[in-house]
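Consider the two complexes below, in which subunit A is the common component and subunit B and subunit C are the respective partners.
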Partner chain A sequence: MSVLDTTPDTMPAGPEIKPKLSRDDIIMRGGMIVIALYLLITLAFPLWAMLSKSFSTYQFDLSQYEFQISDDAGVFDGAILTGTELNARTKVYDTSDLAGSSDSRLGVTKFFPDFSFRSPVHYKIRNSVEGGRFLVGSKLYNTLDWLELDSNNFRRVQLRPVKSTGISNFVSYFSTPALFNSIKNSLLIAAISTVITVSLAFWFAYALNRSCMRFKGVFRLIAMMPILVPSLLPGIALVYLFGNQGMLKGLLFGASIYGPIGIVIGSVFFTFPHAFLIISTALAISDSRLYEAATSLRSTPWRTFWTVTVPGARYGLISATFVVFNLVITDFGLPKVIGGQFNVLAVDIYKQVIGQQNFEMGAVVSVVLVIPAILAFAIDRIVQSKQVALLSARSVPYAPSPNTRTDRIFLVYSSLVALFIVGLLAVCQFAALVKFWPYDLSLSLNNYQFDKMDGGGWGSYFNSIELALLTAVIGTSVVFFGAYLVEKTNGFRVGRSLFQMFAMLPMAIPGMVLGLAYIFFFNSPSNPLNFIYGTMAILVICTVTHFYTVSHLTAVTALKQMDREFEAVASSLKQPTMKLFARVTVPVCLPAILDISIYLFVNAMTTVSAVVFLYSPKTTLASIAVLNMDDAGDIAPAAAMGMMIFYTNAAARILHLFASKGILKRTQAWRTR
Partner chain B sequence: MKYTRTFLASLAASVLLAAPVAAETELTVYTAVEAEDLKRYAEKFNESNPDIKINWVRDSTGIITAKLLAERDNPQADAIWGLAATSLLLLKSEGMLEPYAPAGVDKLDKKFVDGDNPPAWVGMDAWVASVCYNTVEAEKAGLKPPTSWKDLTDPMYAGHVIMPNPNSSGTGFLDVSSWLQMFGEEGGWEYMDALHENIARYTHSGSKPCKLAAAGEIPIGVSFAFRGAKSKAAGAPLEIIVPSEGVGWDMEASAIVAGTANAEAAQKLLDFSVTKEANEMYNTGYAVVAYPGVAKPVEHFPEGLLDAMIDNDFEFAANNRAAILKEWQSRYDGKSEAK
Partner chain C sequence: MKHYDVRTSAVTQPADSGKLYLSIENLWKAFGSFMALKDISLTINEGEFVCFLGPSGCGKTTLLRAIAGLDLQTKGTVKQAGKDISNLPPSERDFGIVFQSYALFPNLTIEKNIAFGLENAGRSKSEITARVTELLNLVGLPDQGKKYPAQLSGGQQQRIALARAIATNPGLLLLDEPLSALDAKVRVHLRHEIKELQRKLGVTTVMVTHDQEEALSMADRIVVMNHGVIEQVGAPTEIYREPSNLFVADFIGEMNQIKSRVADDGSLSIGEKTFACHEHSFRGGDAVVAAIRPEDVIPHEVGYQPGDDNRNCIEVLLHEMEFLGSFWRCRLQNDLFGDTELFADFSINAVRRLDLGEGNNMVIELPVDRLMAFESPEVPA
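Moving on, here comes the complex of A and B:
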């Protein structure tokens, strides 16, 4: 039968031929799985732990308690009442009263309308099931034995909630105006800061790329300075400038710097370099022919600007917008220092966890904060994927021509922006050196005696350097090796695209959220990795994961420039891929590797949000010390420590510059051929 | 894998066993005492207990409390030496403290010892709320010094007062709980409603209002006396005012963590913490200590502070903490911006 059914002109499908996996392939895939596992453990699992925490609630379970009440002579008749029955009878607590936090307590005297603490009536109470808990005063009772109390002591009875799961945390979040107002506040300041920063950065980048003004190199350097300091440092400078004892207080016309104004100015400062870098890249490439066409069509410069320049830079502008928006909405240090009564989401997380020990609510706010962050990130990725090459082989690079008037305007503009950046840093340095602002303006180094302040003293500074070095070395190795495996492995498509997705995720996760998720995941006693909690290791892992995405993208870009033929040649010469990796790929990509390491170093020095929940007394960090000293009111020492971070990062940058020049001369000579 | 772990464990055990017999016990002690005082405390303790080595884990009150609660099922601490009594009550209600009556505890002021027998915790010293008043800035703004809490609600002080947020600061909470105790539940909230109108902002930490007052950033900071005295000694133009209605306070206390493997050493620590010499040691920073008759006046401390301390009901404070904070947050936290 089957023979007849087979159409004669096609061959029967033979067995699928699978190339045998070589040892190399196995190593590569193994490596990729190891790094994917790393991302799973350091990112996906903690986030999952956090999500489940946000649904972990505390509920008073009245059915767990039994009561007896005596007559006036103190004699019990043996009738037993459960809490549920009592509540059904008296209706004192409705469902929302029975939802609580881990710290909640519930009084029981309201169940007995005739209760008076002077009455001779006695009461008995017990837990009817294992796991029930109640207090008399602050003494805990968790056994099933009956406890007899006189009226005066019975009023001290407090029930304790039991753990359950549900959405009641979210319900209570959205029914507390003080909390969900923060959503509005966060979105508002992020939107305002984004508009201001992107506009400022656009014209600054325009001046640097499209004019012939002088001192471009200096301006470029200054624009990058804010990246070298923690985001909360501009807040400290603003206190000295516009606080009640501020040097320029009059400029605010009575408005207070503590609040949205301060957050916006500070956000503009710390996000400026990010926006500038992205827009500058977009403006740097442009086709001169379009401008020639515009001129020959007698378009006004204004019209040319809107029809040629802006559309050409639109992807950069969109990207900058979302990056800045994300940075502002997830930033925690700045609103904490200068936010005053203006609540934002990131600070709410801190307040819930550190102030109230309400971890569940902290997790809820985190989930809320992740939503706008992921949205902004997703939109950015979608827009980026639509981008097409602006430059073709026939393009003529645009070269600006001198124009005395506009060049002068741009010079003035750029100088003002530069003054803003340098000014804030200079104020911090000045504040750090003044003995006792504003009463004793003599200079001294008193504020550098960190050992007398909160925050861990000089030890925290050296811890920070250790963290930065470890992050740079370990992070660069993991990231670059991971990117190499993804980029150069053959086949295994599902694994590779999954890996790519994991690598992009950290960008969308705010640092605060990551830090909190790490508490939930690594501090759980049942986690075999529990031992790294409170060590330098967890700080390094957290920081590497937090800054994974940008490093990964840098590595991928560099690797894409290398032809895949290298791998083909190596395998035809029977050379192991790892040898190729060490002898060819790494040396060729050295500039990118150095860039990744300095990026990780600088960010590890300045990061606050991701590590604020994770440092231990032995691993205090300089950036956290800035926060804690400011918190304790030692603002001048906080400024001093902030500037130490700045100088360290600046020195690292300079070192990086010389190192890359030296190494590049040796390894990159082939490029100049 | 399993064998490796067993091997490592036995290796670790043999290392421990091989150590000299007179090996010192290591005691992990959680504390919120100021960093600069810790070394002094440990040295003094080692004079009488040379064989016990203290490993300090120090952070601010809120963070140490959060840490202890987070480690509820897997405690890392052996003992606590110097943490707010309200925090210790929270831990006690979780069943995390091991009751123990230190030798000589009967000599202490009853106010400073847990009511249970044996007590779950014993007090060391008290920190007391006060108002830091910057005379220079107040004069510039044309203010008269307040003498009572009620004075602070005078419209004259609008925007000139800073106090700590009770949601993040222990000092802020002791202020709020003392007002609720002094003025009654209703009166207390009414008072805070009025005070709220004058508050420039709420800070995260309890010492910051006084430091801000010392720096002239604000004329009046609601803080604690110890901080004010320190800033005054540093040369700030401060006056430390004790409001006439009475002031809230909290105490630093010590306790043994239930389930510790070093119970004996932890008991020795508690025995030491109630001695006269230990109390003399606390006295260098704190004007009020648990051992009667020990305290010598501390420089720059305001007069009449001791008499002004209210009869603080710690049980009330601890058991109503969650409810008070929730109420406070809904009244003042977001509302101040919605205006």
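Moving on, here comes the complex of A and C:
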């Protein structure tokens, strides 16, 4: 080798250079830690609280109590009876009575068949083990001392369950057919809806990308409409069409819309735009040179379709499949409205928590629901990471050539799909304006007098707008700043990858699960953040966290397109990174920032699942009002409120369009050559 | 430890004041178990233009980024103007930097780009405007201030990046492959301009490049790097004429390599013939590589007899000729070289004078002081 290669190959021992952090480094790391803490508190801790709740079991342990009973003169003979002995003798409580939740209480008078609250007999009770186990009224007794009570007070004694950790909640879940049947139902509904939605969306996207049919712009617009309404709105439309008094009830040939049929049709409606967007992107990037090659090899159109088109869009198809599956299986609003007696997981959580106040069982169902959701999410992420490799800078975009026959077929097909989407919305709007369906079809605005209905009235609507605006502003700031910090901070690798992980997590967590987790975490009296429970703040925080991932990915994509050396240049010029952020990064990324804010706004307007556990009488929301009015039988006002959300979101979209055009014109002059 | 000092390189450097400005001592950089820099030591004088030259992955950019503080070295010391800056963040060091991507802020006008570093430093608005105008004149783009970067050509953008980097009068100018993204003509032009500007400003400059022509034409001194170590430091002519090892010889310019053995008198035996050669430090019997650049081979007509026995003349077969514009590249064969063909560049003049043509025999001379001996590379097993 060369003479100079006498250099040792191993570094000498001794300490490594420790970088002196600049003010910018400290600010950036500090900022990142703050946002990571935010995600920890609003995501990781609540989920942990929920998980531990699902493993908490409550059981009445009768062996921990001792009783004495006096004669009519109030004299005790000294005989001590344990709770277990008493129960064995009287057999008043069986095993299932002794299993409880954190709030269950057990009376003790039944142990004494002769008990009467007027009798002169006195009773003594004590804990045989240290620790508070019984209440008299609301006063807790937690010592080993005997407590003597007259009959009248003895009936106020209530035993408290003992908390322990174990899988018995899961055992009882899986031994209750009514509960675990929901797993099957949920999977079935999600699978069927996915197959239908993805097929419909594929051909719709194909028509828009690969044919020369007319009105493509209109179709694209219509395809995106369902995003603007809560998922339960199609349910209401279906009730009007096929419900007990529906106009088209006969088309179902006696089958009921309340159940799987309704859920599937509604799911197809509200997941359609998601599937369409993904597949459309996949079809848009295909390379025309492959088609030229196929044509020159005299491949039939059919064969070309299966060997070029489908493989080219396969990542999009797989991704759409899992996204739709995830949306359907985690959706709560639609099955709540139209599911009837057909139980699915997301509704079970609601029923357990709101209906039966069984929080532990709610947590168990949540854990069960998270599993398919996380699986679907993980597969989708893996597939999407592969999609990137498919893009090549040298690809030539495919340009379809006109073909009268197929273009006409696609036009008919797309019109049918568009009719389905617009039709359901139109039914809702019509129902909202009709006096009394189906008997008096004259028009009125009666159904818009929300203040006369359940659900919070017009206040809910304005609360929703407040929530959407706050979510858009706060969420966009937090998300974009967080994404900037994680993308541009020097070193600090462990912290950054942890942050990335946190940012991806919300996508995998169903809204119902997040909302329930928030109850467990923020409603706990020992939580110093307890004060935000029941306020607008918790709704904003929950909504931002719920929709964090997509926003974060949008921000990261925009930031990755920025030159990696901007920060280096700024620091060499002795300029603070925050100045660069304000003067260059934010203006250049403005289109992405606006996209994030409208995404958050629209979702905050339509979300039901997470916030249904968290609203208070002062913070009722429009989307929740739709749910509650529907629940109370005020279906027409529910439809009216749903359409209000639609028009608000549509207006916000249009405003966003004009605003971004205006802002872009003013600030993005540099984009034009 | 190898320590390169500018005083040992004999060539005069007009811009070099002879005053030590930047010193790098025993620098190591580890990426996991991979050593990107191994025990690098180097000094650079005030006003000097130094090029880090080497193939991709040799560590030259890593070294530049360590000097800038953008990616801190794992071990070792960097001193600038007498101050230890080893662990300082970039914002506390004194340098301007130009990247291959220009890294101009796309949403700011040219003026605002240049003024970016001038703000918040106690300068008045009019001072800043005056300085920006001055810089625009300096880089020869006086009328472009109101435009956005996307409206300029690549070469113009790079000049703006340069203006922005020198706006604050940094003591050190770092150029990270500044010309690689430009097309060939612009590159040659800008090469000259940057050099001119550097001389005018007298700013100490370090440039990273993988283009030997760029390094040879611009640098006062070249630091040739490979596999994380410095192979040679010296003035361009020195590096070219006196490469210190086979890697440098082969990486810069072209070099014929012929297996040979050192004879007892120090001359080189190739086949059964011995050749006198340039001074070396090998001992008799060592296996070495005899090396000569194609343009150093001197052509003679058949039957040419040197008057002096010490001149290395052999008869060869002119196997192939390739016309390359200003000269002919010829492939020469002789049993002494085995299967290896010797490359030689002959001027058009010489080819005409000697009436050379493919298939002819001719005599070539390998000038004694141009025939060098290098340690053989270890043959991979």
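Quick notes
Just so we're on the same page, the second predicted complex is superposed on the first by the 563 of 673 C-alpha atoms of A that agree within 3 Å, B and C clash if a C-alpha of one lies under 4 Å from a C-alpha of the other, contacts with A are read in each partner's own complex, and residues count from 1 in each chain.
The definition used in the following text is that a contact is a pair of C-beta atoms (placed from the backbone, for glycine too) under 8 Å apart; a residue touches a chain by one contact, two chains touch by 3 or more.
Worth saying up front: this structure is predicted, and the values here are computed from it rather than measured.
Contacts of A:N343 after superposition on the shared chain: subunit B is touched, whereas subunit C is not. By the touch criterion defined above, A:S571 lies against subunit C but remains apart from subunit B after alignment on the C-alpha atoms of chain A. When both complexes are overlaid on chain A, the residue A:D94 reaches neither subunit B nor subunit C.
By the touch criterion defined above, A:D72 reaches neither subunit B nor subunit C. Of the two partner chains placed by superposition, only subunit C is touched by A:V588; subunit B is not. Of the two partner chains placed by superposition, only subunit B is touched by A:W437; subunit C is not. Of the two partner chains, subunit C is the only one touched by A:D24; subunit B is not. Among subunit B and subunit C, the chain that touches a larger number of residues in subunit A is B. The residues of subunit A shared by its contacts with subunit B and with subunit C come to none at all.
On subunit C, the positions that touch subunit A within their shared complex are 2, 26, 28, 30, 35, 38-39, 68, 70, 72-76, 86-93, 95-97, 99, 101, 103, 105-108, 116-117, 119-121, 148-151, 164-165, 167-168, 170, 229-232, 244-247, 374-375, 377-378. For subunit B in complex with subunit A, the residues that touch the partner chain are 35-36, 56-60, 62-63, 65-66, 69-71, 73-74, 89-90, 92-95, 115-116, 120, 136, 165, 167-169, 200-205, 207-212, 214-218, 234-237, 315, 318-323, 325, 329-330, 333-338.
Against subunit C, the residues of subunit A that register as touching in their complex are 1-5, 7-12, 14, 16-25, 563-566, 568-575, 579, 583-584, 587-588, 667-673.
For subunit A in complex with subunit B, the residues that touch the partner chain are 100-105, 135, 137-140, 142, 156, 158, 160, 176-179, 181-182, 185, 239, 243-245, 256, 258-259, 336, 340-343, 351, 353-357, 359, 436-440, 452, 454, 457, 519, 523, 525, 530, 616-617, 628, 631-635.
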